[in-house]
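Per-chain residue numbering starts at 1, and chain names A, B, C and D are given in the order in which the chains are listed.
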Amino acid sequence: MAQAGSEHAADDVLRASFDVGYTYQRLVGPVIGEFLTGLRDGKMQGIKGSNGKVICPPTEYDPVTAEECSEFVALPSTGTVKTWNWVNQPRPNHLLKKPFAWALVQIDGADTSLLHMVDAGSEAAMKTGMKVKVRWAAERKGFITDIECFEPA
Amino acid sequence: MREVAIIAYAQTPLVRDCGAKNDVELVMEVVNAVKHQVGFTNQDLDFFCSGSCDYLGGSAFAFVNALDALGAVPPINESHVEMDAAWALYEAWLKIQTGHANTALVYGFGKCSQGDLPDVLTLQLDPYYTQPLWPDSISLAALQARALLDAGKITEEDMARVVQKSRRNAKSKPGTQLKGDYTIEQLLAEPKLVSPLRKHDCPPVTDGASAVILATREVAEKFHKRNAYITGIDHRIEAHQLGSRNLIDSMSTRIAGEAAGVAKGKVDIAELHTPFSYQELLVKQALGLGDDTVINASGGPLAGNIMMSAGLSNFGEVAMRIIKGEANRGVAHATSGPCLQQNLVAVLEGK
Amino acid sequence: MGNACAVVGIGQSERYKSKIKKSMAGLVREAAQNALNDAGCTWADIDAVIIGKAPDFFEGVVMPELYLADALGCVGKPMMRVHTAGSVGGSTAIVAASHIQSGVFKRVLTLSYEKQSESNAMWALSTRQPFSPHLNAGAGGFFAPIIREYKRRYQVPEDIGCKVALKDRTHALKNPHAHMHEEKDSLTLENYMDSMMLWDPIRYAEVCPSSDGACAMVLCNEDLAKKSPNKPAWVLGTAMKSEPTMYPWREEVNPQAGIDCAKEVYAQAGIINPRKDLDMAEVYVPFSWYEPMWLENLGFADVGEGWKLSESGATSLDQGGDIPWNVSGGVLSSNPIGASGMIRFAEAALQVRGMAGERQVPGCKKALGHAYGGGAQFFSMWVVGSEKR
Amino acid sequence: MSEQAKKVELIECPIVLNYNFSAGRAPTQFLRGMKQGKLIGQRSPLTGKVIAPPRGACPESGLPTTEEVPLPDTATVITFTIVHLPIPTSALEPPFIVANLVLDGSDQTFIHLVSGCANEDVKIGMRVKAKWKDQSEWDYSMDNIAYFEPTGEPPVDIEALKASRLEEAKRFLKAKAETK
C-alpha cells in the first residue's frame, strides 16, 4: 500500500511520509508449530536441548551445541523474572497501552528465559526474582500473543 | 599476513536530520573526501565495499542507488554487506590478504531520520516469538542494563560518567551531534526513558556516512611517514534469544579481542561502538582495557551514532590519531544486533 | 592467487518450491546439513559462516543472520551477511572463497536462501518512496525493454525465447531439486508460444518461477580438501564487477560489467576460448531471452550471433550440445532469488566433481558459475575445475 | 480435524513501518521545476552530459551535478514494454506502455507512460511529446505529465541520436575549458 502522505515544502526540503506494510505469511515448521499450538490450548511447553537443558521458548536447535531439538516438555504457566525494565510511555506498536515492564521470564522447569511483557501496574511492583504467571488471552489463535502478558503471581 | 594500513578517513557531520541530502549525496561527500586526501581515482582502487541497511529508508535497493556516488564507469570490483560497514572493511581486508587487491575504499551510510529506528531494529528479532511483540531496541538495552545493575557490575553513576565523558570529549571533535559539560548530579536528575535508562544513556538518531581507504604497506608508505596498520582483526556472534544469553558478559567481544591480540600490548586509545552508556563498561571489561586507555575520545556513539557506519568510523578515528602521533596502539570495535549480539574487534598499531 | 580453495560439500533444499513448510531456520539448516554430510564434517569443524540473501523486504527480517546464528552452529564463531541484489548467491560464494584464499580460515560454510513466498516478490521489489515514479513493473518490466532492443538489433526470431525456456525446463526433469517439473506433453514449442504475454516481448513461459529454497557449500583449503570423502571442485578463478544502474547512454544489451567480469575470471582460470575451454556453464538466466544475450556477453558467441548458438542446440545436454548451459534447469526452472546465484556456482562445482547424477555432463573438467543482479549491473562469476591449476 | 484441533502451521505477521522521506537536493530542484510545468535537467561537470531527472550524482564521475539545464518536453523512445499485468503501486488498467525515454537536450533515459495511440504503433525511435495534466493538479511529481504521445515526426535512429549528443557534450567541455 503506497500512501504518499502530505507533501509540504517548508524549508528547502521536499518531504512526504509513506508506509511500507505487508502481512507476512510465515510457515513455522514443526517445533514452533507445536509450541504455538500449545499456547492456543493454554499450555506452556519447553523443549529438551543438549546436556539435559530445557529451553523455553523452544528453539529448533540448541544455542550452544547446534544439535537439533525435538522432545517437548510440559511446563507450568508460572515463572521468575530474571531481568526487567519499565516503559513509561508505551510506543504506538507496543501491545500494552499503559506503562508496563518488558521482562525475561524463566518459566519454572526451564533453563532459559522468555521475553514478554509484565502488567505490574507500577515500576515499584517490579523486582528481579519476583514470581509471575501467564495471563492467557481471551481468544487464542496459536500466536505468541496468546500469552497476553504476565502478571505478578 | 599482508600488513594493511588505513590511510584516509572522512565522516559527514553527525546531525539529527540531514534534510535535503539523499543517500547518494551523503556518500559522495565522504567518498570524494577520502579519494582527495590521497589523490586517488578509481584506477588506484582495487576494491570497493560498503555497508548499509535498506530498511532505514524503506526502499529495497538503497545501496544500489548509492553506487552513483562511486563513478563506477568503467565497471569496478565492488561488494556490499547488509551490516555495519566495519564488516565491509573486514571483507576488504580479506580480499587484500588473498592478493586480489592492494587498495580498497570502504564506506557506510545511514539516513536514520527517515524511519522510526527503534521499531525498524525490532525487525532484527526472532520473527516468530519476539518481533510480533514489538520490543524496541531501547527496551532491550534496558533489560541488559538492569541485569548488570543487579549483578553489581555497574552503577547508575558509572553510566552517568560515561555520558559525561562522551559529551565532554565530543566538544573537541567538529561536527558531533551532542556535546557539552554536565555534572553527574544533572545527569542523574533526568527522568528515566525506559527504566533504568535515561534518554542520554541512549544513542541519538543520526544521519550520516563515513569512508576509509585501506592500503598495503608498499602503498601506504607513500602517504604517511607513520601509518596505522591493522595487526589483528576478528569478529564473533552469540546466540540470538536474549533469554539464552549471558547478558552480564560480552563473550563474543572477549573471543574477538583475544583473537585480535588486544592484550599483546598497551592500548593507548579505543573507539568502542557502544551505543548505550552501560555497554562501554561491558565492552571495556570484555576487552580487558585498563583505565590508562582513552576510550571514545571522539565522543563515541552517544555523541552521534550513524547506524551502519558508526563501527567503520571507529577505525578511522583510531587510525587518524595514530597517524597524528597521538597514540601508538589502539582498538577499534563495532557491534551489530540487539544487546551486543555480534562484535568485531581490531588492533591498530603505528609503524 | 592466494591459497588454493576447494568446494568439498554441497547441499540444497530437497525441492525448490513455493511455501516450504519449514521455519527460516529449518530451511537453511536442511541445505547446510546436506553440505556438511557431503563434506563429511560436523558443525564443530566449521570456522566461519558466510550467508547471503537478497533484500530483507522479502521476509521482513532485518539482518537475518542474527536470528539464524544458532541454527547454523555459529555461536562463538564469525558470521557475515552479503547482499548484492540478485547476484548475491554468487558474491557470497566468492566472499567465502576469499576467507580460505586469504589463509585466515581453514574451512567455512557458505549459504544463501530466500523464503519469498512469505510476502510477494513483485511487492518487495517495487519502491514506494515518494517523488519517484511508481511505474516499475517488477524485474520483468525492467528487462523487457532491453530484450526488445536486442531482438531489434539482431533481427532475432520470435521463438528463440520459447526454445531456450523449453531447453532449460527439459533439463530440469533430470534435476530432483528443480521447482518446475513440467509434463512431457506440455513441453512443446506450440504450447510455449501460446503462453500469455506479460511484459511485451516476454511471455509467461519465458519467465522464471518464484521459489523458496536454500543452497549451501563447504569450502576448505588444500590440506583438508585432500582428506574430504568426496572429490573436491577447485576454485580456479573468481571475479565481481559493478556499474551504475543508469548512466547516460549506458549499453544495457551487452553490459560492460559482464564483459569485464568474464575477462577477469577467465584470465585467472586460464580460459582463452570459453566455448572450447569450458565443458559447461550455469548462467543466471531469469528470462529466457537472456541466454543468447549472455552467450555474447560472456564470449561464447560473437555479438549478434548468440541466438544462433541457442537455436542450434549447442547449449542443450539433451541434444548433445558441445557447451551445455543450465543443465540444472537454471533460474528458469527454480528461482529462490537470494539463493539462485549460489545454486549456479554449486551446480558448476557438482559437475566438475562428477556428482551431478542424471544431469551430469560427461567428462566435465571445467565449469563456469555466473550470477547477475540489480539492473544487470552486478556480476559475480567463478570457474571451478576437477584439477587444481 | 476441526479448525481448533489442527496444528498451527502458519502465522500472520502484519508489519507496517512509517517513513518520512525527504527528496535529495537535486531531485528537489527538479521537482520544483515540475511544479511549475518546467523540465530542468542537470549537467555533469566532468562529462558535460545532461541528466533528467537528476538524482544528485553524475554516475560516471561520482561528482554532484549542479548546473541546471532547462529542457523541452519532447523526447525520443529509446525502448519500451507493453505491460499486461497490473502494477501493485499504480491503478493503471493493462495493457499500457512504459517506455524508456530521453528528453531532447539530455542524455539519460527515464521511464514514463506512452499513450495517445494504439500500443502497436509505438516503435523504438518514435518521437513523443508530454501530455500535461491540468495545471490545477500539478504537484512535486513527474506525474504532472500524464503520458507522452506521438508527435507524428519520423522516427529517429538511436545510434545517430547518441552520437550527436556525445558530440554536443564534447563541444560543451571544450567551450568550458577555453573559458577557464
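Observations on the model:
As a working rule, contacts are C-beta pairs under 8 Å (C-beta built on N, C-alpha and C of every residue); 3 or more make two chains touch, one makes a residue touch a chain.
Please read these numbers as outputs of a predicted model, since none were measured by experiment.
Under the contact definition, chain A and chain D share the contacting chains B, C.
With centres computed as the average of Cα coordinates, no chain lies farther from chain D than A.
More C-beta pairs in contact connect the chains of A-B than those of the other pair, out of A-C and A-B. Mean C-alpha positions place chain B and chain D at a centre distance of 37 Å.
Distance between chain A and chain B, defined via averaged C-alpha coordinates, is recorded as 29 Å. Once the centre of each chain is set as its mean CA position, chain C and chain D turn out to be 31 Å apart. Annotation for chain A: residues touching 2 or more other chains are 2, 5, 7, 12-14, 16, 18-20, 22, 24-28, 32, 36, 59, 63-64, 143. Shown for chain B are the residues in touch with two or more other chains, namely 19-20, 55, 57-58, 65, 67-68, 70, 72-73, 119-120, 123, 127-128, 131-132, 239-241.
In chain D, the residues touching two or more other chains are 9, 11, 13, 15, 17-23, 27-28, 31, 58-60, 89, 140. Chain contact topology: the protein chains form a complete graph, every chain touching every other one. On chain D, the positions that touch chain A within their shared complex are 4, 7-23, 27-28, 31-32, 89, 139-140.
Chain contact summary for the complex, chain B toward chain C: residues 1, 48, 53-55, 57-61, 63-65, 67-68, 70, 72-83, 87, 90-91, 94-95, 97-100, 120-121, 123-128, 131, 234-241, 251-252, 255, 336-338, 341-342. Looking at the complex, you find that chain C touches chain B at residues 1-3, 23-24, 55-57, 59-63, 65-70, 74-85, 91, 94-95, 98-99, 101-104, 124-129, 238-245, 247, 256-257, 260-261, 374-375, 377-378. Listed in rising order, the residues of chain A touching chain B in the complex are 11-14, 18, 20, 24, 26, 28, 32, 36, 55, 57, 59, 63-64, 82-88, 91, 93-95, 102-104, 106, 112-117, 123, 128, 143-145. Within the complex formed with chain A, the residues of chain B that make contact are 19-20, 58, 118-119, 122, 127-130, 132-136, 139-140, 142-147, 150, 191-197, 239-245, 247.
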